[in-house]
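In order of appearance the chains are A, B and C, and numbering begins at 1 in each one.
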Amino acid sequence: MLLIPIPLLSQGTYIDENALQPAQVNTYWNWGDVHTADLHMYQLDGIVDRNLTSEQRAEFFRMEFSKLGLAASTQNYTFTTSKGTISGNNAYAVMSSPRAAGTEAMVISASWLSTAGHGALNVRGISTVLSLAAFLKDYSLWAKDIIFVISDDYLHGMHAWLNAYHGTIPSNLHTDPLEHISGVIWTALNIDYSGHSFSHLGVFHEGLNGRLPNQDLINSFRFISHYTGGLPMTVYDHLEPADLVDRWSEWSVLPSWTPAFIRRSPQLQQYEYRARNVVRHIGYQARGMCSGVHGLFHQFRIDAITIFAVPAKGPHGFHALGKIVESTLRTMNNLLERLHASFFFYILTSPGTFLKIGMFLPSAILVSVAMLFKGLGEWVDAGWVREVSEVSLKGTGSLEKEPKTKDTWRNRRRPMLSVLITMVATHVLGVLVFNLLCSRRFDENRSFFVPAILAAVSMIPPALLPLLPKNTPEVAPSSVLLKSSNLCLASTVISIMSLLNFSLAAMLALTMGVPLATSSRSSSMTTSLLRYAAYCILAWGWLVLLPEEVESAIWNWEVLGVWFAPFVCIVYAPLVMQAGIVCLQGSS
Amino acid sequence: MFPMHFQLLQACLLLLACLTTLVVGTSNSSTSTGEHAANFFGRHDSTSGHTNNWAVLVCASRYWFNYRHMANALGMYRTVKRLGIPDSNIILMLADDVACNTRNKFAGSVYAEAGRRLDLYGENIEVDYRGYEVTVENFIRLLTGRVDPSMPRSKRLLTDDRSNIFVYMTGHGGNEFLKFQDQEEISAFDIADAFEQMWQKKRYNEILFMIDTCQANTMYSQFYSPNILSTGSSEIGENSYSYENDNDIGVSVIDSYTHYVLKFMEGINKTSQTSMQDLFNSYDPVKIHSHPGIGSDLFHRPLDKALITDFFGGVAQAEVFPSQEDACLIGHHESGSTSLPFAPESGAPSLPVVTSPSTLTVEMHVWDSQWKEVRKWFSVFVVGCLVSWVSFVR
Amino acid sequence: MDEGTVLPVLVCFRLLLAVLPLPGQHILKHDHQINSPLTSYLRLKEGLWMLDNNVDPYMGGSFHHSPLLLSVFSTILPPIPIIWAVSDAVGAWALLRIWRARQGLSLHRATTSTAESLIVSAYILNPYLLFPSLALSTSTFENSFTLLTLMFASEGKPSSALLAIAFTINLSPYSILLLLPILMLLVTSPASQLASPRPFHGSINRIASLFGEFMLYWLVLVGAACIIADGSWSWMKASWGASLTLPDLTPNPGLWWYFFTEMFDHFRPFFLMVFSVHLVIYILPVCIKFQHDPLYAAFLLIGVLGTFKAYLTLADPGLFLSMISLFPEVHGYLRHPIVTTLLHLHAALLLPLQHILWVSEGRGNANFYYAASLVMGMAGGAGLVDACWAGMRIALGDVKVESEGKGQVARWEVARWEVAQE
């Protein structure tokens, strides 16, 4: 896995879809339009100063769109979660295509809050959308409808809008149907411009539950940004080492005492840069989080990215951004069918290079296969361990015919029933814990519940263990059987997860691979108890150690439907617990 | 008596002289007018022997991003029309209508150069096959003349054994195939066989086959019929590239090979004596970015004797038929053959049985559903009988 | 729980599932893993509707079910979920009776053993069988009739058995594979003879007369089917012909559809023949090799169908897996049960996942799903080969017990062999 960032493994990006034809158009976004954007920005600044409510804001945006003659409306929504309700207002406008039937659409959106965090407002992003609406409406060459969405807050506004648009309103969302509807949305651009000006445009692409947009979209954007806008694209807000010649030392994680020639080695800098991209990617994807508002689109098969204006002192502003967005829209307009070539599985190591699925998948699959073989080995051992151990005592390879003890293969049956019950029980325990975490009471008495849950989950297995039938010499020890089936199940989970969400599978391979394979009973009670405690912490320790993560994961589950939290509770933690029980069983 | 005799003799002499002069004069004038006519209508240096010119221009690919293929075909259309082939003798096949595509900023126009000076679409364009009519089957049927009787004349290739045909194809292709509409392919063998069929049916005198696609030269590698001159844009394993794109239209507007051919053609007029060899000499692999090929092994004339206008120009040539009777005979034959399709109608159409249809259907309906019920229950009954019999027997 | 109550309890549970409005049933009915065009409930409903509205159901090419289902569901029974639950119960009951007949137990014994409750739950709780049944797929009926056939044949009731197989073949023509072992079973005994193979001792003449009886029943059923189809033969092409000519290439967990989507049309007839003949090839070798135990031969042929048939649904391998519980004597001789289990686990998880990736999320393509169905095919094949191998090895006796006397070397050899096989 450490090899992933190595430049040699990556290959250059290319554009697979013929229809896109990126960066082949003249752009007509000019300083007049920039002036419009500036005016919008001043108005928005006024709104921020006057502290208007969300509803008033949405109404203002609706008015602005209506002034342009677009079909505009607002949407009010309320989410109910275990922590109370969240509500807000979106404004949107549909510009119907002048010469086409309006069965397809593209979205340009901006959220009120920026990806940059710390409450940064996306004022300039919204101004860009408003002025683009005025600008784009003057052209008759759109083959698809263009929908402008200004969503409230950061994520949940767009989530509510998308669900209302597609008619998939979850039970905890209350909203009215949208007033204006267009065709099927194919692609979406989310504009995030919170600073004063920018030097690079960053692309955020991770979506909910590890979904990625088609890579062609990112590649075309890179082309356009480079040729039309004349400014480089970056992955996230990470600047490339070449752009940071003098300031690289501030970014580098290498300590300052390392010799200068190491720090300045271009290969090492390149590796470090790519590693940072990969780590950030895995961080988003493994947790199923989206890296921006665009991520909400992916679940509806819409390819979307966020264009993030990396804050800097200059030199670019509305002019470059507008040109690039205009050109990107022309490219998206050229699409004849959804982006479909199997360009959905990749790791973007740098703006111009990516890793194919065939290059990174083996790293997780290998671990999984190793676990599978280990599990199968344990299974064979379960039937044969006794004899093998005696043989090794007598000296391996000895050909003497010696009388053996009476245990035969038939006697060493491998009773799976108690093992299966144990496994099912741990998963049921996981379901219970998860339900508890999602309940309102947990949120109110967090300080009480966290230790209580931890104590409960760690005490229940030792307490219930004596209920299981005792090991008899005739049958294989259930700890070995449990370990074998635990490994096989974990390996299955990892290999299947690697297709759905590679980063999560990679994380699972890291956290479960070695610990599960090395779980074993120990002769001394203390050692095994200690081991058990270690497994408990590995399984449930995040309850105590990472409270913010828990909170955000549960919020993501309740509002956005990210299944990372239930997965951890119901699949991951029980698997690790089973390894812990293996240790306990050996000692009892 | 004598004077009378003399008079008679004189008259005879006069008559003789008159006759002689008449004969001589007639013979003289007939040769001179024939030469004159030949000089006027004839083929000058041409050794082709054709009397009419046709052009088949095919753009086989659809979609907006293949704008340039439409533009290629339309560029050729403009050239052959300018050089004198009338619309009735041009079969233009365009697989898509980019002029009216919603993405076209200049609606109703197609341009083949970046400056957009010359609109190739305009008012006087006759597209004979458009959109989904452009299929491999229709193309082969067109060439071989095996079309439906209801097919209008504008969609037929009404050639004979004195016709020179210019066949131009463009689209996306590969080794020995050309894609049609992104869903089917025509292979080099298909075209070769179609040409052979045309030769056997005396549907052409000479063919110039020109193709602009990737690995285009493979497309004429399988030809085996005589009198075909072929040329393609690129060798096997080579791509054909586009020449330039217009930044307002947003896509490439013409292919490199076609661009240079058209550029060469701009210097040709109807009376031009430029030969095919000159055209082939103008090919520059460096500029075109591929190696155009020439297939002249089936062509019986020297290339420097084959004029460009033999294929691109419209020949208007008068042919003196052997005699009036023969012509009448031929005409008669033709009319006879055309009357053949009128097959005698076999008997009068049977009279429809006039019974009140509505009541009948209702009755039929009721009876039908009753019968259906009977069938259903009877089949269940049969199965039930079988089951009970089996359980009884057992 | 008392052992004797397992069957009633599970049947009640199954009936309860049928009565209760389950949330996911709508999704199940559209799922390609458990409904093929030949067994889908939605298509059955469509056929019934067309019959009601005086349209020939077999005309449009959307309906492939047997006409007998049409006549039954349009007259005496409405197609309600209870019938599927009852069919499941009948299947479980038949499986239980086969077990008793094979073990030589009295048919109506009061006491029952753990094994019996295991067999019943292996049928009713088998997810491969439960989900198709919840989705109201007609494969449930096919399975029940197959088990009824085997039950009657094991209990020595030739007429009933032959009628049942005639029904089975009418519902799904591939079941013709089972005809020969069932005829053999009727003239011999169902008791396990795997450990002591001997030549076939039944009378061949009797088989011929039984075959004649079968043909009679079958022709009567065909006649009944023709009556409902208004005397036309079009239903044969539409229902039986569908499994031979593969007109509908809806994806399923089987191995056929992908080949035929990729194939050029002019090779199609040839490969259709190859694929169909390939299934028939298995009959004779299996029946000759297991002539001493025709029930086991039938079991293996069900395994063949559950792996290679056209329009496979999960119900087909499900029947094979549930039937494994009938043969406890071979369990010890299975070489790689855990590999088969893992393959099935992978397949069962991969199939829906790849289906979602391809169809609903649009990230994958048909190759993804086909890879999963290949895993499914491997799982089926592994189970089949293992069952075949175990059935033959049991005749050699307990190798390990003998090897004890022979000493360490042989034991080591066996151990290495085991490991290598794993």
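Criterion: a contact is a pair of C-beta atoms (placed from the backbone, for glycine too) under 8 Å apart; a residue touches a chain by one contact, two chains touch by 3 or more.
According to UniProt, the chain labels map to these proteins: A = Gaa1-like GPI transamidase component; B = GPI-anchor transamidase; C = PIG-U-domain-containing protein.
In this text the structure is predicted, and so the values were computed from the model without any measurement.
Undergrad: Would you say A-C or A-B is joined by more C-beta pairs in contact?
TA: Answer by contact count: A-C.
Undergrad: When you average C-alpha coordinates per chain, which one falls nearest the overall C-alpha average? Tell me, please.
TA: Going by the distance between chain centres and the overall C-alpha centre, it is A.
Undergrad: Roughly how far is subunit B (GPI-anchor transamidase) from subunit C, going centre to centre by Cα mean, in whole Å?
TA: Once rounded, the distance between the two centres reads 60 Å.
Undergrad: How many angstrom lie between the centres of subunit A and subunit B (GPI-anchor transamidase), each centre taken as the mean Cα position?
TA: Their C-alpha centroids are separated by 58 Å.
Undergrad: Need the CA-centroid distance for the pair subunit A / subunit C, whole Å please.
TA: Subunit A and subunit C have C-alpha centres separated by 42 Å.
Undergrad: Which of the residues in subunit A come into contact with subunit C in the complex?
TA: Those in contact with subunit C are residues 211, 301, 338, 340, 342, 344-345, 372, 376-377, 379-380, 383-384, 387-388, 391, 398-402, 404, 408-410, 484, 488-489, 492, 495-496, 499-500.
Undergrad: Which subunit C residues qualify as touching subunit B (GPI-anchor transamidase) in the complex?
TA: Its residues touching subunit B (GPI-anchor transamidase) are 51, 54, 67-68, 70-72, 74-76, 157, 159-160, 162-163, 217, 220-221, 223-225, 227-228, 230.
Undergrad: Give the list of subunit C residues in touch with subunit A in this complex.
TA: It comes out as residues 332, 338-339, 342, 345-346, 349-350, 353-354, 357, 361-365, 368, 398, 400-401, 404, 407-409, 411-412, 415, 418-419, 422.
Undergrad: Looking at the complex, which residues from subunit A come into contact with subunit B (GPI-anchor transamidase)?
TA: Residue list for subunit A touching subunit B (GPI-anchor transamidase): 18-21, 24-26, 97-100, 139-143, 330, 333-334, 336.
Undergrad: Going by the contact rule set out above, which residues of subunit B (GPI-anchor transamidase) touch subunit A in the complex?
TA: 63-65, 101-105, 107, 245, 247-248, 250-252
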